[in-house]
Amino acid sequence: MKKGLVVFALFLLWILLVYTVIVLPPMGSPENPTNTHIIPRYLEKGVEEGGAHNLVTGIILNYRGFDTMGEVTVIFVALTCVLAVLGRENILRHTSKAEVSSVEKSVIVKCVVRFLAPFIILFAFYIILHGAESPGGGFQGGAILGASVIIITLTFGFALVAKKLSLKYRVLFESAGPLSFFIAGMVAIFCGQNFLTYLLPCVAHTYQDFVRHLLLIMVEIGIGVGGGAAISSIFLAMEKVEKE
Amino acid sequence: MSVSELFYKLNVNFNYVVAMTLFIIGLYTLISKPNLIKKFMGLNIMETSIFLFIVSSGAIAGGKAPIFGEGVGPETVFVNPIPQALILTGIVVAMSTTALALSLMIKLYEQCGTLNADKLKELK
Amino acid sequence: MIVNDIRPLLAPMISILCAVLIFWRGGNAFLRRSFSISAAIVKWVVVFSMLQGSLAGKIYVTELIPFVPGISFLLRVDGLGMFFGMVSSTLWIITTVYAIGYMEGEHARKRFFAFFALCVSTTVGIAFAGNLFTLFVFYEMLTVCTYPLVIHEETPEAMRAGRKYLVYTLTGGSLILFSTALTFYLADTVTFAEPGILSISNGVGLLAAMFAMFMLGFGVKAAIMPLHGWLPSAMVAPTPVSALLHAVAVVKAGVFGITRIIYNIFGVSTLKDMALEGMDVASVLMWAALITIICASLMALMQDGLKKRLAYSTVSQLSYIVLGVSLLTPDGALGGIVHIANQAFMKITMFFVAGAIYKKTHKKNISEMHGIGHKMPLTMATFTIASLGMMGLPPTAGFISKWYLCLGALDAGKMVVVVILLLSSFLNAAYFLPIVYRAYFMKPQDGNLKTDEAHWTLLVPCVICALYVIALGLFADLPFVPLALARGAVTGFFGL
Amino acid sequence: MAEFAHHCPVLMVITFLAGAVLTPIVSKSKKKFSFWWAFFVSLLALLFSSCAVWSLYTKGPISYWLGGWEPPYGIEIYFDYISSITFLMTVLGALIILYSKKYIEHDIKEEKLPVYYTLVLLLLCGMVGFSITGDMFNLYVFLEILSLSGYALIAITEEKLTAMASFKYLVMGAVSSMCVLAGVALLYNVTGTLNMSDMALRLQQFEPIATSYMALCLFVVGFCVKAAMFPVHVWLPDAHALAPSPVSALLSGLVIKVGIVGLLRVIYGIYRLGGAIDFTTVTNFMGWLAAITVLVGAFFAFFQDDIKMIFAYSSISNIGYIIMGISLISFTQPERGYLGMVGGLIHIFNHAIIKSTLFLCAGAIIYKTGFRKLSDLRGIGKKMPITCGALTIAALSIAGIPPTAGFICKWFIVLGAIEFGRGIWAAALLIGAIFVFAYYIKIVNAIFFREPAEPILEVDEAPLSMLIPIVILAISCLVFGVFAYLPLAVIKPAAATILGLPPTYIPPGG
């Protein structure tokens, strides 16, 4: 009975929603408001103004840089939230015999992961640094970085990773994303520009482009490293020893 | 709106319709499933449906990814890059919410020993 | 003539300061008493210093900051305000002396005296309020400040009474707020003016509804039936509180509010024109008052507890005032307004006596009070005087009010009012004289006829009030007595 | 100076953000240092926000282009009159952080201290960012920042039910965020822009279609969940009652107001400014629901024994007041909604102060006694006179007894409702207020007029770091009631500009 009512209500809502979306202008048409209002300028000047061939990266870092700052903050918030709920991983809790999974990892898996891990990390950095030119960017690279930590943890055990990625440094890395934005933004404010301006007039004209690139790359690395560290820390914090 | 017009519109805005359908499916999962993890999956489906909707709205028939480089001429059509930038943010937010929800579930399970919403209600 | 002056603000502020001092250092009995008494006297002096000017037609005004746009926090001493302010500040001195004696050995005296002072402060604030909004502010504050006094005993019964009191008065307060907002909406001002700020052009139906809400709101405190339920229950409070509540602060705030609404918000001419289906609105109020007078008297007859009986008597007497102001004739209004003072002095005497008897003999019920007049002759003598005043016999103050009420009724051509007033006098006699009879003409149960009066702090206030009751009756036309003040107020209302 | 004031809005966000991010780093070795750091950060932000508000009232709204990109292309920070709520946020934030010092050390493990302060700063960062941004998508991002930190702050203690309360809040909050995001997506599809004022302009240029209405509905649903309006209030009582008290004060005082700010932004900043779509059906509906909310909240509060539960339900009731005030809007005659708008806005302000006082007092009592049930707390007023005195003042204030701050709001909303011809809403509000008073008097009775019970005989007054915020807030409950023109001077231009009237607008009759 109750279920039927729910289904019925949702059905009505569905009809309503579908109606509201089909009256929108046809999808994919270049005449849509979405495709005619702001985009022309981005397509025209975006590369020059944003300092990246990949327009998406340009928008993320430049035109909508503040959004992105919020976004890296959200990752940081997520990490802090997980820590608030679960607490940091506790190395003492993990004695040598208590591992994530009691199943013995096969030699092949260990071997392959050991072999591949450096390349995955290298690839992650490639994605981070090459985001301006090709698909990719800080977030994507950061995700890969985090994934590499996760795969290593799964194969070699928690204790090793927690030891290698010592908390002393990880705390710094976790904050890297918002901090890099903070630094880049404050540089602009001290140069008399608005927050998050990369093209600084106080720098000599010939170096302006270089400084902008430097700042953009710093931000990208910050996003990537910060994201990766946050993802790994979240994963490590969720790691729980089964009750003995 | 005549029937043929309706079908035409359903056809051209098919992505939108699918997105809204997914939205409702997610909502249904959220409401009807007692298991908290499944509930949260429903929420993730809702999130994804909106990402689909946003990214579809930036599509242009025959458009290329908005990367300037080799093989791009003045007549090349690019898709709208803003929605892509937006959903990148959206995905990060969704991931963060999920992380928090999962950790809450871990804590709940440790404390109450169940993730079934009905049983949790009784425990209270 | 309007004079800007700080004194209207000073008067309530003195008592607030007194309350703060008592909260601060009230643990010490000597300091507490000195604060209370000196504040009472200083305040009386402040109010009294304005009396001369007020009688000469001056209006003292303190305009403070704008409270909300269009409405400022306005204190204004006109004839009516002066009248009520004078009555309450005079009675405060007497009640304070009495309370010091009565509360000896009770618990939480610091709290008691602090809130006592706050109560009086808000009462004077009500008296001096220059607009409806300020009146409402003080009116609600009064409700809150009296609550700790009502539940002073902290017994379950007291708690129940306190809850009842709050529910009644706050509901009333909400109605007042609602109609105050309506008034502001209609008239764009809420400042009291003569003759009224609402005009008939706003629609009779709406105005009648507003009038009804105002009357229900203030009628709660004025204990018009059937809104009187809280008053007898609140008798659980200590006697000084009952005295202050029933004679001065709370109930009089209600009738004072009604007077303000009738004469300064609606105005005589508007009210006279406001007729729904041939029945003008003020006469509905009049009928309610008449019914209350009779019913409350009948209920008073049935009470055995002395304070309960006094409470119902209060309900009945308050409606005299409401009746007077609802007649819409100069003499009726004069009778009603002057009864605010007269009833205050008479009723406070009776409560003081009830308290003194309780303190001395721990008797609450009339049936136990055989021969109490032999034991406490002076106390009972004052009670007798007050009873005679209640009946309206000359030469007491009660006669003056009744005389003018009858004149007003005849002016308005309402014979029925005169009849009911006479009937009420009989009923008053019927429920007060048996007490006197029992006190003087029946032997005490223990047969002990030795005089044993209450402590002087309890006795002196009774005597002063009783003398005053007679004095008011004998010298009603002197310039400084309430009648003269009330006359000043009425002159303004009717534009005489 | 002008240059500096121009940067102030963004600096506020950045201060909180950088402060939050640096908290774990600066307090790595000494966990308790995180309090001093957080307090310092909040004071710094307070400085920036006062500067920004000062500039707003002397020179008008600040439009700040992030990265130097002009509005429709880049993100704009628009510090207007609605944004002056950030001042309230920073002040309350600083006071609550000060209060947290003792409370939180007592409540959670020492290793979590930096996490707590990080989250509080992030919460403030999110709220401030939310209130000043002029971009719809940025609004969503900040909404998520503040919601996530809010969810986690509830579950930061080890108590059993907190995780469940937090999860409930999270699910409802996430759905509401989805609604907001969907609304943004739909509006983006209709207008092709994300900047709010540009959206308003573009809405005029196109023929109104169902999508715009749907977007409005989604926004209203989303923000009403955040604001905890009936019937989507179910998450609030548990969440606000079970959270640590300073967090409850933040959540009840400020976070639910964020939903209101969102409503103001969307309804008035986009749809009214756009002027193409008649939204009065929606606001009317909101107003009726608000009237129900007032009654429902007050009604349920009556049956609670847990003091924090009472306060939580009363928050629902008060949100009803605010939404009632801001829903009094006429599409064609904006000046008719003026008084209600003033009432709603001033209640945002006053309720934040009052409810924080209440929760902080409750926190101090719980901190000292360990009890939270009214029946266990009899006679506590004799042992903690200052705390309980403050609680009484706040209780009177929330019941709208003059001359406290709460009365002003009641007056304006009632007046606004009457002027708008909605006497029933006003009646609902007044009835609700009586209920409110009835249950607060229950508290005052229990704490003052009963003899202390055995376990609380040893209790004494709360520590100074808790008393300072409590006393400051309680005094402001009184001061803003008596000197109501102080907040009104700030709120009147805000109400006028929201309705599209000139900031100096004076209603007829003064």
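Going in written order, the chains are labelled A, B, C and D, and every chain counts its residues from 1.
By our rule, a contact is a pair of C-beta atoms (placed from the backbone, for glycine too) under 8 Å apart; a residue touches a chain by one contact, two chains touch by 3 or more.
It should be emphasised that the depicted structure is a prediction, and the values quoted were computed from it without experimental measurement.
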Identifier of the chain whose CA centre is least distant from the whole-structure CA centre: D
Chain whose average C-alpha position is farthest from chain D's own: C
Intercentroid distance (Cα basis), chain C paired with chain A, Å: 74
Separation of mean Cα positions, chain B and chain A [Å, integer]: 18
Chain centre separation in whole Å, for chain D relative to chain A (CA means): 31
Whole-Å gap separating chain B and chain D, where each centre is the average of the chain's CA atoms: 29
Chain D, residues touching no fewer than two other chains: 137, 141, 144, 148, 151-152, 155, 163, 166, 188-189
Contacts with 2+ other chains: residues of chain A: 17, 21, 23-24, 32, 34-35, 38, 42, 64, 67, 70-71, 74, 77-78, 81-82, 85
Per-residue overlap in chain C, given as positions that touch at least 2 other chains: none
Listing of all chain pairs that touch each other, if any do: A-B, A-D, B-D, C-D
Partner chain D, residues of chain C touching it in the complex: 65-70, 73, 136-137, 140-141, 143-144, 147-148, 151, 154, 159, 162-163, 166-167, 170-171, 174-175, 177-178, 181-182, 184-185, 188-189
Chain B to chain A touching residues, read off their complex: 6, 9-10, 12-17, 19-21, 23-24, 27-28, 31-32, 53, 56-61, 65-69, 77-78, 80-86, 88-89, 92-93, 95-97, 99-100, 102-104, 106-107, 110
Residue ranges of chain B touching chain D (in the complex, touch as defined): 23, 27, 30, 36, 39-40, 43, 46-47, 50, 53-54, 57, 82-83, 86, 89-90, 93, 96-97, 100-101, 104-105, 107-108, 111-112, 120, 124
Contact footprint of chain A on chain D as seen in their complex: 3, 7, 10-11, 14, 17-18, 20-22, 24-25, 28, 64-69, 72-75, 77, 109, 111-112, 115-116, 118-119, 122, 125, 129, 133, 135, 137-138, 141-142, 144-145, 148-149, 151-153, 155-156, 163, 166, 186, 188-193, 202, 206, 209-211, 213-214
Sites on chain A touched by chain D in the complex: 16-17, 19-21, 23-25, 32-38, 41-42, 62-67, 69-71, 73-74, 76-78, 80-85, 87-88, 168, 171-172, 174-175, 178-179, 182, 185-186, 189, 192-199
